[in-house]
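Should a chain be cited, it is by its letter among A, B, C, D, E and F, assigned in written order, with residues numbered from 1 in that chain.
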Amino acid sequence: MTVTTRADGRTAADLRPVTIERGWSAQAEGSALISFGQTRVLCTASFTPGVPRWLAGKGTGWVTAEYAMLPRATNDRSQRESVKGKIGGRTHEISRLIGRSLRAVIDTKALGENTIVIDCDVLQADGGTRTAAITGAYVALADAIDWARARGHIAKKAQPLRDSVAAVSVGIVGGVPMTDLAYVEDSRAGTDMNVVIAGSGDFIEVQGTAEGAPFSRDELNRLLDLALVSGTELAELQRTALSDALEPGGLA
Amino acid sequence: MTVTTRADGRTAADLRPVTIERGWSAQAEGSALISFGQTRVLCTASFTPGVPRWLAGKGTGWVTAEYAMLPRATNDRSQRESVKGKIGGRTHEISRLIGRSLRAVIDTKALGENTIVIDCDVLQADGGTRTAAITGAYVALADAIDWARARGHIAKKAQPLRDSVAAVSVGIVGGVPMTDLAYVEDSRAGTDMNVVIAGSGDFIEVQGTAEGAPFSRDELNRLLDLALVSGTELAELQRTALSDALEPGGLA
Amino acid sequence: MTVTTRADGRTAADLRPVTIERGWSAQAEGSALISFGQTRVLCTASFTPGVPRWLAGKGTGWVTAEYAMLPRATNDRSQRESVKGKIGGRTHEISRLIGRSLRAVIDTKALGENTIVIDCDVLQADGGTRTAAITGAYVALADAIDWARARGHIAKKAQPLRDSVAAVSVGIVGGVPMTDLAYVEDSRAGTDMNVVIAGSGDFIEVQGTAEGAPFSRDELNRLLDLALVSGTELAELQRTALSDALEPGGLA
Amino acid sequence: MTVTTRADGRTAADLRPVTIERGWSAQAEGSALISFGQTRVLCTASFTPGVPRWLAGKGTGWVTAEYAMLPRATNDRSQRESVKGKIGGRTHEISRLIGRSLRAVIDTKALGENTIVIDCDVLQADGGTRTAAITGAYVALADAIDWARARGHIAKKAQPLRDSVAAVSVGIVGGVPMTDLAYVEDSRAGTDMNVVIAGSGDFIEVQGTAEGAPFSRDELNRLLDLALVSGTELAELQRTALSDALEPGGLA
Amino acid sequence: MTVTTRADGRTAADLRPVTIERGWSAQAEGSALISFGQTRVLCTASFTPGVPRWLAGKGTGWVTAEYAMLPRATNDRSQRESVKGKIGGRTHEISRLIGRSLRAVIDTKALGENTIVIDCDVLQADGGTRTAAITGAYVALADAIDWARARGHIAKKAQPLRDSVAAVSVGIVGGVPMTDLAYVEDSRAGTDMNVVIAGSGDFIEVQGTAEGAPFSRDELNRLLDLALVSGTELAELQRTALSDALEPGGLA
Amino acid sequence: MTVTTRADGRTAADLRPVTIERGWSAQAEGSALISFGQTRVLCTASFTPGVPRWLAGKGTGWVTAEYAMLPRATNDRSQRESVKGKIGGRTHEISRLIGRSLRAVIDTKALGENTIVIDCDVLQADGGTRTAAITGAYVALADAIDWARARGHIAKKAQPLRDSVAAVSVGIVGGVPMTDLAYVEDSRAGTDMNVVIAGSGDFIEVQGTAEGAPFSRDELNRLLDLALVSGTELAELQRTALSDALEPGGLA
């Protein structure tokens, strides 16, 4: 892969500095404030015993997610969706993507009849908010499961998490494939791809879009190569973040 | 590729019977009733001179799409989104996909300051409605452009269409990659992928989702192989459909 | 009655060509694609055992209807009601009219605690969509009842249908009363009347509106005369359509 | 007509006591609090110079109406439509009926480019609210036109009102046709008909509905006979109410 | 306090003429049409045995309130909130204020598991609509409780009302503190305060707002002095209104 | 005042630890992450040249505010208002309060035809979110004004800020008046009062509510005493926060 120097000094294969502030929320059962450079997403996991009525009695749990952006997370203020009275297509689409990605690593039988709702609120946006959200949500989810196991809502030996999950956005900018696009790169990208990757290195979701000209199979392959490298790095960062003992704050 | 016989007798690489009733609507500037087996989608293209205010004066046109399903297109009746008072996430997502796919083959400069709205209404659903919609929408779009050129809204020599576009759903069912999934196959698929392909054979959109276990890079490649074969067949069917003179009906 | 030749060659008392494609939908329990000239409405009947909670335990069934128009059914594209987020007054009014008209011929005791929802979706509009919808809806309803009887949801000897029901729009155009107005006639009509008629020839609904000057009792009477003639013809067409054995398609 | 004594002592052809408190509102350009027995509707007419954008420059005015019911106008409290977030089908239907009925007697050319919005708010409901609303709305409309003429918004000699308009509900209760149904009668009626009648005695709107069995042409005729008698009485009451000098209150 | 003569001849401490038409509605369990000068609010109390599900089984009742304004209650017509599809911030805020104010004098244990919904509909607005609404709502509430006690829904000896409640708006207009502001005064007020006062003279709610410059503690005290005087007068008027035997009308 | 020790060791007159992270957002023209103990609110100020259409050409600016809470800011997750499709009464009320409070210290003439939108998003809630929001919003507002002055949108010598503004919640808990209630205190408070105070010590808003028994004038006075002391402290904290040079981050 060609070593390209980008505006912020990264090479094509470099992630931005990624930080994970685990346990940021004093109230949620699991939480993480994740940053990919200037992109900052607060992820909380809310655990509730029981499942929605349509699932009751089946012995399986439920994990769902909601994504949103603060009105001034972006460079220009956008109108609140609560004020508009409806959720936009983009928000819906990303919420569904996060939910699917997490469910792909959850064993809902092992989770038992419990519900976990993940909220990913973008406090500041500089590209890659949906992939940062997935990566942070996994950490919040893992902590909520530990919280529930410690309180007996989940059996001591149950392993609801089958694997970890992380995500990265890759794209072709000025003809060069690169990973973890910042906003200025993303807005110039000819092809844009969000890749959700399990800890095993297999794919959970691949979403590639030609913003300009259609892309070739060779370009697709080079983007996937980059994504897999970043996926491995992110999985390692998640493991490290989760390896410390968590001293939960909390109001209660 | 292994020759697998499916419930309806197809091999893994066989499309269902595809028919395109071009000019189905007497009123739209372009239209096609497309069938992939029992899946039937009515696609209309509405041409209007002028563009939305935010585009005015830039010399470029606008193409957008809306997808919807009749309440009894499916085996169980679903509530109308107009009655619910809001559009669901799935509908939003598919409408956006169709719009992006068509814009990928449109030269908006050549279109001039004109707007084309594509409506894809699923009259009957048996899997693959979004990919059938894209495939039919292209035919309606092409006819609307011809209609506009014939009336001088678009310059005689302008070529707003840079290529054709078709789409197909592929997936891994019972461990076997196969193309053009019917509903019973889709609901059992471990991995599901919608692939939007230009006439050139390059990709416009690749959306692969692990419904169960994550999928490997090898599986991804086998699905893309199948999709490319079907894409070529669909492009040929579109060409054939568009090669006849159209005797437009119409109330006017 | 004066023999007036209209734009399409009809006399004042002539219906447009009416066709009824029974069983159009492979999935609904009853369905009909009905055409009055260029007006085409897809009517489906969805049968569900059980009734809404507020009716439970009373031993009576429930029939309701929803009417809608595809955005490009008309000459100019109209915005989807799902996108607007609310149903317009006209849509509400027509849905209620269709529901009332069908309930007028239903014996809800004989129907038992079962629900039938009729959907009338206008695929193409050229005047008289609500009356075509009622006429087609009856055919779909009759088939859904037969379907339910064949499966034991309705008692073998029960006769939930007390009579047939059809509807026609009549009006005074250029001073001349005429039946089954096409859009160009309807838009010029001074008085417009929708008449819903039982197979017995009695009235179920009479809705006459002065679009311009008020209308006299004599004019009212001449319009009713025309409507009754057309009602008889439509009842005959329904009988014919329903007399054939239905070879239901269907995905199941 | 058989003389039938009803629960409140009326014969079949008797209206309930009708009162019209003209100028009830101190702020509206025209207003009337109308009562048909216990049914009480506050009708206001709001005059604004100018027309909606889509009518501008055509030299014609615009009259529209909105109907609503206070939540406790009825015996059981109903939820506010503002709280539900949408207007029900019945409300829409009645608002449209009132607007059409008033426009049928308005010469929009003579009105000039002015807008009059009629609000009919039911303060107490005991059957016949829509017909009371139309009858009262005419009085408010007439006063708003006089108000506007006095201030020069409408030419001194212009006659925007071509005729008066009143309305009455008639129906067949226990087999007997009767006029001006109170709620207890209306809820037992087999056939229900709302008739809007111009001062000339011609019809503006005839809406007859079979609540139970279909109705015969003879029944239709007997109901129209009753409606025409009541229409004449109501027109006389309107004339009387409008013949006095109005001492407008008002905050300004 | 300086004796200031206002536009309508009142001194700073004078209320406008206040009238309370108790039992205005023939259908509600309690009702009052209250006027403060030209401000007229119809208050109804709807009593229902039972409580919302979230309160069931706790042995306590529930009182809530909704406030709304007719579109032409004001000098310029405003759009209906039902038409807009949502309730504005001001409406919400006032509905909540009325509910809190009434609950402050209700012993919900003594009320038992019963619900009372208060509707305050402004028929005409000339300032002070929310305070008039609270003052009238108390009368309707008291009558609804008597109605329920007479029918055994509330125990004979239970005293759900611990005290009366009334409210008044006071403000500083042109530097002068004054009570019960009419609209023309309110719109010029530098400080505006709504004070809800129990019959005991204690405060239930104090809401003071600087419309222009911030206000001093001394000004606050002078406004509270005025409010307490008016509160005493209003409590006396309520007592008088409630002292008569009520001859309830009613349709039933 | 009695020195009462509270659960967290504070006396009745003690604020919780208050911190103000100025310039938290890299993108907003002004921002502050403010904490009152565990309550954390992100306040951003978005500056836009120009005003809404209804203000254009009057030479005055516009300041408005929106308040919202993340779904898991509280101990139990609440549904998003964007998902519900409407903003609740409480949210509306607080947004309006913040906007009024800021406008009370703004000289809109000096601001010129510019708009500032303040967003206050509660990231974590432990009582006093609205008063923390006002206190933080002032800091964000001040920075946005400096930003605009530095770029010439506001005249160099213009002083749009006439004073500072801060707010505090006070209440009577267990009979004892105390300042800056944490959630556990607030939920037990008999009387709850939010007081918005200008830097001058005058009142901008006083909102006192009896949650249980009505409160006496003496209690009101003791609460105001406490609020004024806290107001002085908060004004000092704001001054300190604003006295440092701001090294704005920022993506551009």
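To be clear about the criterion, a residue touches a chain if its C-beta (ideal position, glycine included) is under 8 Å from a C-beta of that chain, and two chains touch if they have at least 3 such contacts.
Molecules present, by chain and UniProt name: A, B, C, D, E, F = Ribonuclease PH.
Predicted model only: the values in this text are computed from it and were never measured.
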Notebook entry, point to check: If you walk touching chains, what's the least steps from chain A (Ribonuclease PH) to chain E (Ribonuclease PH)?
Noted result: 2
Note to self: Farthest chain from chain D (Ribonuclease PH), going by mean C-alpha coordinates, please.
What the structure shows: A
Note to self: Let me check something: if the centre of a chain is the mean of its CA atoms, which chain is farthest from chain F (Ribonuclease PH)?
What the structure shows: C
Note to self: What's the distance between the Cα centroids of chain B (Ribonuclease PH) and chain C (Ribonuclease PH), rounded to whole Å?
What the structure shows: 32
Item checked: Chain centre separation in whole Å, for chain F (Ribonuclease PH) relative to chain C (Ribonuclease PH) (CA means) -> 60
Notebook entry, point to check: In whole angstrom, how far does the Cα centroid of chain B (Ribonuclease PH) sit from the Cα centroid of chain D (Ribonuclease PH)?
Noted result: 51
Notebook entry, point to check: When you check chain A (Ribonuclease PH) against every other chain, which residues touch at least two of them?
Noted result: 85-87
Note to self: Which category does the touching pattern between chains fall into here: line, ring, star, complete, or other?
What the structure shows: ring
Check: Which chains make up the ring, in order, starting at chain A (Ribonuclease PH) and heading to chain B (Ribonuclease PH) first?
Finding: A, B, C, D, E, F
Next item on the list: Could you please specify the touching residues of chain E (Ribonuclease PH) with respect to chain F (Ribonuclease PH) in the complex?
Entry: 86-90, 92-93, 95-96, 100, 104, 163, 198, 200, 202-210, 213-217, 220, 224
Notebook entry, point to check: In their complex, what parts of chain B (Ribonuclease PH) are in touch with chain C (Ribonuclease PH)?
Noted result: 25-28, 31, 38, 42, 44, 46, 48, 66, 68, 70-75, 77, 80-87, 91, 117, 119, 121, 123-124, 126, 183, 249, 251-252
